Amino acid sequence: MRWGDMDAYQHVNNVAYLGYLEEARIDLLFRLGAERGLAALRDGLVVARHEIDYLAPLVWHPRGIDVEVWVEKVGGSSFTVGYRVHDDGRTYARARSTLVSYDLAADRQRRLTADERAFFTSFTLDA
Amino acid sequence: MRWGDMDAYQHVNNVAYLGYLEEARIDLLFRLGAERGLAALRDGLVVARHEIDYLAPLVWHPRGIDVEVWVEKVGGSSFTVGYRVHDDGRTYARARSTLVSYDLAADRQRRLTADERAFFTSFTLDA
Amino acid sequence: MRWGDMDAYQHVNNVAYLGYLEEARIDLLFRLGAERGLAALRDGLVVARHEIDYLAPLVWHPRGIDVEVWVEKVGGSSFTVGYRVHDDGRTYARARSTLVSYDLAADRQRRLTADERAFFTSFTLDA
Amino acid sequence: MRWGDMDAYQHVNNVAYLGYLEEARIDLLFRLGAERGLAALRDGLVVARHEIDYLAPLVWHPRGIDVEVWVEKVGGSSFTVGYRVHDDGRTYARARSTLVSYDLAADRQRRLTADERAFFTSFTLDA
């Protein structure tokens, strides 16, 4: 959280939450993905959809908040990520994003590789 | 659009779209609402949910983009807003937000007044 | 201005002003520069320094604000831009940026061309 | 740093740095100030001026960056903060902000208290 994420209502603005989801997702996809040699995730993922439910107002505090992130579903060329924004046992938001793997050079969707599917599947809740 | 809304992929970042929706919504609710004497809309509306589908990549350009906004459904203490982010005939995103009217002093949901319901209903597509 | 530019003090956050300066600067450099055939300005300008004095608190309103922008000084490979953020006769901030022209391929500063110097000089106050 | 702080040049946008300065300043003034019982700092400080020199391009990476912050000068109703944005021995920016203590109720500057002056002086480099 940044102090400036709060708006004139003195709560974290609803737009800022999507930045928190992005950080959590990027940590999963870019950092962990890179450690497993899945570099294509860094340059070929497009956000196709977000859904977010705001459950409680969030006030900035210096301890920060946590974003839990997991994979909900893995398809042929897309997958769905789930999130919970929380702090000390309180949940502020739940969200879900659909990401599509993309071949930027060819400018079209591409199928996930077997390694990518195994990587994503390892982050599903029943994994 | 702001030039800085583009990210390292050289497209407008998915987070920035929610700022565009906010501007369109605020114009409807705060400015038009204030003109009709519905001042409570300014201080007592909470975003409960967003859904957004990204349909095409958007590159900053000086002409800007348009956001069409309308009311989809009016309930007892909440309503749903629809949006289309577009430009010269191309649609970049479609979205939907659920807003809840809130009594900030009492810290709980409140019912929409008849005037508020009439105001929102006048922005439904079949109005 | 965007409504979300306001922070918990219910004024436009100091960080957001730099976004306003960027929009004004980009309009000058990218849009007008492109009209004069100075495409290199779009891809080879680096911000080296900002100075900004905040003169009055700014509250979001639907009419928006204006940013006056001019060129203060043109050097061999850099130039200085001045700004005034204002609205209805009130000045909210004054600022100045130093921009350096850069050869991205060679990764070093480059001298401004004669056409670029003439373009910038035409935006000085005594031009 | 947030990944989305990068712009279409694939470097952290110049505007985003001011958010980093804000986080570092707030940690000093709000968190440490509150620990010393100086609660007025939280609600009565206004940014009067920023100066920032950008020294090297910054690319997002998951390790993050550090912002060193100290007090440069303490005046009657204002003080100056210095910053260095750095990472692994490389300096990306140096900056300085002037902050003014403000009596929001009376809507005018107020003098710093002796305790506030002592607190700020303890963060000067020669303290």
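All chains are identified by letter, namely A, B, C and D, in their written order; residue positions are counted from 1 within each chain.
Note that in this section contacts are C-beta pairs under 8 Å (C-beta built on N, C-alpha and C of every residue); 3 or more make two chains touch, one makes a residue touch a chain.
Just so we're on the same page, UniProt names per chain: A, B, C, D = Acyl-CoA thioester hydrolase.
Keep in mind it's a predicted model, so treat the numbers as computed, not measured.
Using the mean of the Cα atoms as each chain's centre, the chain most removed from subunit C (Acyl-CoA thioester hydrolase) is A.
In whole angstrom, the spacing between the mean C-alpha positions of subunit B (Acyl-CoA thioester hydrolase) and subunit C (Acyl-CoA thioester hydrolase) is 30.
Subunit A (Acyl-CoA thioester hydrolase) and subunit B (Acyl-CoA thioester hydrolase) have CA centres that are 23 Å apart. Centroids built from CA atoms put subunit D (Acyl-CoA thioester hydrolase) at 34 Å from subunit B (Acyl-CoA thioester hydrolase). Residue positions 3-4, 15, 19, 22 of subunit B (Acyl-CoA thioester hydrolase) are each in touch with at least two other chains. The touch graph of the protein chains shown is complete. By the touch criterion stated above, subunit B (Acyl-CoA thioester hydrolase) contacts subunit C (Acyl-CoA thioester hydrolase) in their complex at residues 2-4, 19, 22-23, 26-27, 30-31, 62. Against subunit B (Acyl-CoA thioester hydrolase), in their complex, subunit A (Acyl-CoA thioester hydrolase) makes its touches with residues 14-15, 18-19, 22, 46-54, 57.
For subunit A (Acyl-CoA thioester hydrolase) in complex with subunit C (Acyl-CoA thioester hydrolase), the residues that touch the partner chain are 3-4, 6-8, 10, 13, 15, 60.
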